[in-house]
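Given below, in the form of structure tokens, are the structures.
Paired with chain B in one complex and with chain C in the other, chain A is shared by the two complexes that follow.
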Partner chain A sequence: MIPPTVAAPPRFTVSRRRLRLLGLTADDGIRWFFGGNALIAVIVLTLITLFLFREGAGFFGQNRSNLEIYRRAGLEYVDFIRAQTDDHTALTRYLSDLRVRWMTWLLEQERHSLEEANARLEDFDRFADRFAGAVDPLRELMSGLADHASGIKAKYQLTQDRRVEQAQLAAAGRTAEAAGIEISAIDFERELEPLRESLPTYRQLSRDLAGELTALLAEAPAPPTPALRQRMDRFAELTREYVAGFPAVEHRLETWDSAQPVPAHRAFTSFLFGRQWLTASSWQDWYGIVPLFVGSLLVAALALLLAVPLGVGAAIYVSQLASSREQRLIKPCIEFISAIPSVVLGFFGIVILGETLRQLSQVSWLSWLPGFPYSERLNILTAGSLLALVAVPTIFTLAEDALNNVPRGFKEASLALGASQLQTVLKIIVPASLSGIVSAVLLGFGRVIGETMIVLLCAGNRIEIPDFTRGVAVVTEPVHTMTGIIAQEMGEVVRDSIHYRALFMVGLVLFLLALVINYAAQKIMRRYRLSTG
Partner chain B sequence: MVIADPPLMDSSAPELAGTPPPPAPAERSVVAQIEHLDFFYGTTQALKDVTLDLESRKVTAFIGPSGCGKSTLLRCLNRMNDLIEGARVAGGTVRIHGTNIYDRTVDVIEVRKRVGMVFQKSNPFPKSIYENITYGLRLHGRRDKSRLDAIVEQALRGAALWDEVKDRLHQSGLGLSGGQQQRLCIARAIAVEPEIILMDEPCSALDPVATAKIEELIQELRARFTIVIVTHNMQQAARVSDRTAFFYLGSLVEYADTRDIFTNPAKPQTEAYVSGRFG
Partner chain C sequence: MKPEPSTFHSRPDGRRRIERATTWIFRAATYLVLLAGGAVLLTIAVKGSRTLFQSEAPFINWSFLTEAPESLYIFEWEGRTLEMGDREFRAFKERNPAAANVEAESYVYSAGGIFPAIAGTLLLVLGSMTIALAVGVSAAVYLNEYARDGRGIRFIRLAILNLAGVPSIVFGLFGFGLFVIFLGWNVSLLAGWFTLAFMVLPVVITASEEALKAVPLGFREGSLALGATKWQTIRRNVLPYALPGILTSSVLGIARVAGETAPIMFTAAYVVRDQLPWQVERLGDFFFQGVMALPYHIYVVSSKIPQNAHTERVQYGTALVFLLLVATIAGTSILLRQHLRKRHSW
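Presenting the complex of A and B:
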């Protein structure tokens, strides 16, 4: 028992004088040090954002003048006709495909020799040749016009270059020299006259073509089997559709107006929804992000498809079912994957994985798999499988955290009610940590969409929207990606050129994507923290 | 009110209105027998040669200073200690209806179905009230909706929670107050109809009113279940239990009728502890 004394309570010690430097104590210094570090992170992020926006923003102006000159120099006009001849080429390809099938049938079903088969196909070949040749006059007209339009564009670019030179000289104070540069303004209307004058010729040729094709269809050879006949019918149908489209082309050419300004939003939409990324072309450059975006998305989606079951499964096993010895073995292994330099993974992908998968695809008893066999060893499948390796450690680590954060009480309560380990995991622990797992997957997605080296090395780098009509087999096609294109092209572009800015725009899209993904992941994570207390 | 007249004032086990009187027990029927139990966490011994019988439809209280092994013994009764790495029963047996639950052939899930547990910190699942209660039943394959509905109501009434939650059965169990959550956990435990219910300091996080409700509830449950409760609250032990076991440093010091422990303890240590002089 403490004796009840009435001693005065001890006083607070008066704070001692501390060492001060420039009026700051050591505590202040430490405070400032940490605060400063945090501040630097914020500043750097702001700077990056500003920089990306500044460099990217110029793109739209440039892209608009890019589209403007496409119209004013008549390239657009020529491309209307080109679209028509391209359609024709596609139909010709359909015919040659039909020939291959017919030939196969003759050789394999009818057991003809090659000469016999070729002889049997003579009629067909005559038909196909006439069909293919029918478009030649039109194509000739088109290529003449194309040369002309290119000439106008080149002239225009020359004057633009002169203007730039003049401005530079003037800025440098060499006014006399600047004045000496002569710049002749281009009279687009006069330059375009040959194009306009060709319209009657076009009309004539187009009508001739329509007539000839219709006549040709009437005498199309009839294939011997129902399957082939069906294809032939389909061909006839496609051709009729094609011919029916001629008046529309004509109308477009008639009403085309080179002076009509390109609307401002086109500069934006042609980037965001443009289906072509074509640079350093002698005809016209296009900066459409869609093929790159689709490429990135496909690769990332395939990577996640593989990585989510692996990463989440491993996380569930390690955090809930494994003995501590297994934990000590598995965790470092998975976490080590993220320490492998991605260029090494990419190299492995090219040399081993890509080649192995291709050879596997050529094994005959696997040919039932969609897309098998294929010949391009670098494609979505190769890149996606390797990217999965990159995503697994991220998903695993975060998902394991989420699972471990489920309050112990839930697990105990479930077991005490007579649930088995597995029931407890599936019915209590996974649902309780679901949002944590979802955000782990999202962050894994962010990780793979931003990965560069592997896709650059393994995705095949073909800038084209893959053929989705092939269904799942689409994964055997090569693609290019947003990250890959920046890494590949940034080194060789001229600073401040439209191409340079277009790459920045792609970077900006990536950046915004990453921002959105991280934000969503954090939002989900926070909600999860609240719900499990 | 039941809690107003503590059982130690009462010579026979108090009967509640409405519940059928049990067939007057001539001799005490034993549900579980713990014999010479030694228990280790790694190399530290937490229980030393504990021997004790649990009587059917009685409330047994475990008391003793912190760290004396009350929770450990409790968790030996439904093998919850299996979860702890390095924890092991080194000697002795725990028999429930004569079967040693630590026998190799015994299914631990079966044990836990028959021995329910309520934890110190209320831990309803992050699911609806309804799902919380049906969880255990669904695990064991009960799917019949109308039957489940009936059991939910019965369990919630049994835990004196029905009136408070009957309109929000499908809302989250985490939205209830602390005391309600604890009663939900009790309802969840009784829904699977165990024989024994273990309660580890079930009221330690609750205010006096919520505590009183749980104590009242224990009184009601006594008619149907054998209850073991760990508590640090001497009054609580005195109020709710029929038998009391006092532990000290891993050993059972004294085990007797609650009335005797509190009024006439045989051992000086017990006397010192219950009168609050140490511990």
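Presenting the complex of A and C:
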């Protein structure tokens, strides 16, 4: 029997043992390292969400106490009356607008001299003065109450500050000093007494005002032309509506209860649907995102209105109609436009485009255009035109990709059936790549709405909802935007203040909006892609 | 014999005319875009060159490129209007004691140069691109070479896509919240680097992946068949060939990093800073200092000082230098790509 021999190991096997660390070979380690880097995108996205929430989440609590003190210190009460006097101011503005029109008519149609025209308007002026003066007693009452309410609020804030100081001292272990700080609780009910006691005075004044306005309307001067008469009638109607609203205000004042708690959801809704963004005000701060949101949307809409035809048109031309030499020339040029930093475009808008557009608007033969002429150099139009230049390369590149991805067979089949080149492009290729084009436009929209520097420099930065009653002319108004407000105010706010947190909330809204746009673009791309199998 | 009429009619003329007109509309749209872009660039180039170039010997206005910004003083002196920078004005007053109380108009940042801003921008680009390339290329290697399609990978890809759509100002807020406040780095180079790096990460990853995909599969298979490990294959046979592509596509990223203002506004940029970035006592301070940056400087000089003949110089000059810088960085990368392409071609 032959004893079993130990087989010599075959010469080609790897004899070196692999080094293992924690059970991993070097190759595994490398693999994990790369995998870890790939995960960073996910981590960053999570961190962004986390930190926006972390810094922004406190906003709702702070906003609620902001609204609470607004009610408890009686500011809300005063604002009811203020709204009434403000409406009256709007009516007087209507009157002065009417006077301007009347004046123009006198000067231009009737060829009166300025003095004559003024003399002709004497009656009207007397009427307007009396109308404007009628509200004075009520306004006086309101401003007295406003001072009082502000005082209560200031007092409350003082005690809050002291409380914070006390807590800080106690935390630092200086209990004796902490105990030494006097904090007097505010008895809101007692403090608000003067407000409540003013109610009968208010009733009297309000009734007087209603009576006077109605009486005044009866002796309103009659304008000479039908158009002006129509305005006067409209004015009378508005005034009657205004007076009819008085009992409602009175009712609101009567039933107002300072102790009624502000519901938690108000902190949320007053942010999301609030029509005022007012900060560092001596009266009351409001953090409503609507004016900013509307501003962002208007600027982006105008930009897309300009960029979509240009971007998609250029993409169709370059990918389908242009000669290959033209293609080689145009594509890098458009890509180069996309590399122009946005702050440079913004600078261009401030120094050149804004002024050029304004002067263009004052050219007389262009005055038929809505909104022309205008005087604000920086407005939606300026910002939107520049943003279009930002959006065009994005839309162009993606749309061109989509057009190029249409299978050759489509084009060949169409041409073989006798369709002309343009018919092929417009009826076969563009519909086939429509999903790609739509998602290109969406991504362009995302790019535009997230753009900061151009709108910060060129949109005019007026925090107000623009006057939509002007129709298309709304584009000549200045606005402020979500991105712009963050860039402008973030550097100046106190950390952890409500304003600071509100800016983070705006950032969160922007972030979510960007995610939604992205998601929609991808969804459209996948869902409606033509099957080319 | 009369020739038989062709059964194929040529297209009616009217329709052809419409067709040609439509083509012209598309062409007009294309050239309008180019025209608009060209107008912007040309205006800045023409007006900025008055600052940047001069008609005398060195032809380039070096003091604008090498000095720090100063305030500009304009005053009447002995019947002439003089314009002087801050230091010059002070020296002038010492020489002429009578000028001590002269009334001068002053504009901030409108005299001197923009050197600290150039240096700051270069530092920001260098640091953030290093981080972004290191992370981005690694991520792309994993996604293209190692990963098998699965739920996890799809999730990562989705995250990358979404990250690309996040507005730059949100990155700024995020960098402010995480680096400046939470990690306590304050307004610093480091915070700016990371903020910008995360912002361009999607661009770099996508670009690198494209470049890796372009390397033929045979290169990998050949290497693996010869017994090389996965890592050896990637290092020797994939990355060198993908490098030109990676560099080219990161040009896009560089342009974006250099050009964005919003992310560095609250994370890295100072309105003005006297020291240059390398004038620090300890090495550690280098990373935790804020810097001036060109895009932010443009924002400051175009929004915080009035526009007139005196301030125009620095405004247009800065914009032109900035554009040239971006173009130079892009150009260098393109040259580099051509160089590398010559070495590795298949």
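Keep in mind that, in the parts below, the second predicted complex is superposed on the first by the 497 of 533 C-alpha atoms of A that agree within 3 Å, B and C clash if a C-alpha of one lies under 4 Å from a C-alpha of the other, contacts with A are read in each partner's own complex, and residues count from 1 in each chain.
We take it that contacts are C-beta pairs under 8 Å (C-beta built on N, C-alpha and C of every residue); 3 or more make two chains touch, one makes a residue touch a chain.
Here the structure is a predicted model, which is why all the values come from computation and not from measurement.
Taking chain A as the reference chain, the count of touched residues is higher for C when chain B and chain C are set side by side.
Contacts of A:316 after superposition: chain C is touched, whereas chain B is not reached.
Residue contacts after overlaying the shared chain place A:54 against chain C, while chain B stays out of touching range. Contact with chain B, but none with chain C, is seen for A:414 once the two complexes are overlaid on the shared chain.
When both complexes are overlaid on chain A, the residue A:446 reaches chain C alone and has no touch with chain B.
Touch criterion met: A:490 reaches chain C, while chain B stays clear of it. Contact with chain B, but none with chain C, is seen for A:428 once the two complexes are overlaid on the shared chain.
Residue contacts after overlaying the shared chain place A:366 against neither chain B nor chain C.
By the touch criterion defined above, A:37 lies against chain C but remains apart from chain B after alignment on the C-alpha atoms of chain A.
Comparing the two complexes, residues 420 of chain A contact chain B in one case and chain C in the other. Of all the residues in chain A, the ones that touch chain C in their complex are 26-27, 30-31, 33-35, 37-42, 44-45, 47-48, 51-52, 54-55, 309-311, 313-314, 316-318, 321-322, 330, 333-334, 336-337, 339-348, 350-352, 389, 392, 396, 420-422, 426, 443, 446, 449-453, 456-457, 483, 486-487, 490-491, 495, 503-504, 507, 510-511, 514-515, 517-519, 522. Put simply, chain C touches chain A in their complex at residues 11, 15, 19, 22-23, 25-27, 29-30, 32-34, 36-37, 40-41, 43-44, 134-136, 138-139, 141-143, 145-147, 155-156, 159-174, 176-178, 181-182, 198, 201-202, 205, 229-231, 252, 255, 258-262, 265-266, 295-296, 298-299, 302-303, 307, 312, 315-316, 319, 322-323, 326, 330.
On chain A, the positions that touch chain B within their shared complex are 324, 407, 409-410, 412-420, 423, 427-428, 431-432, 531-533. On chain B, the positions that touch chain A within their shared complex are 78, 80, 83, 85, 109-110, 112-113, 116-117, 119, 121, 123-127, 135-136, 139-140, 174, 185, 188-189, 192.
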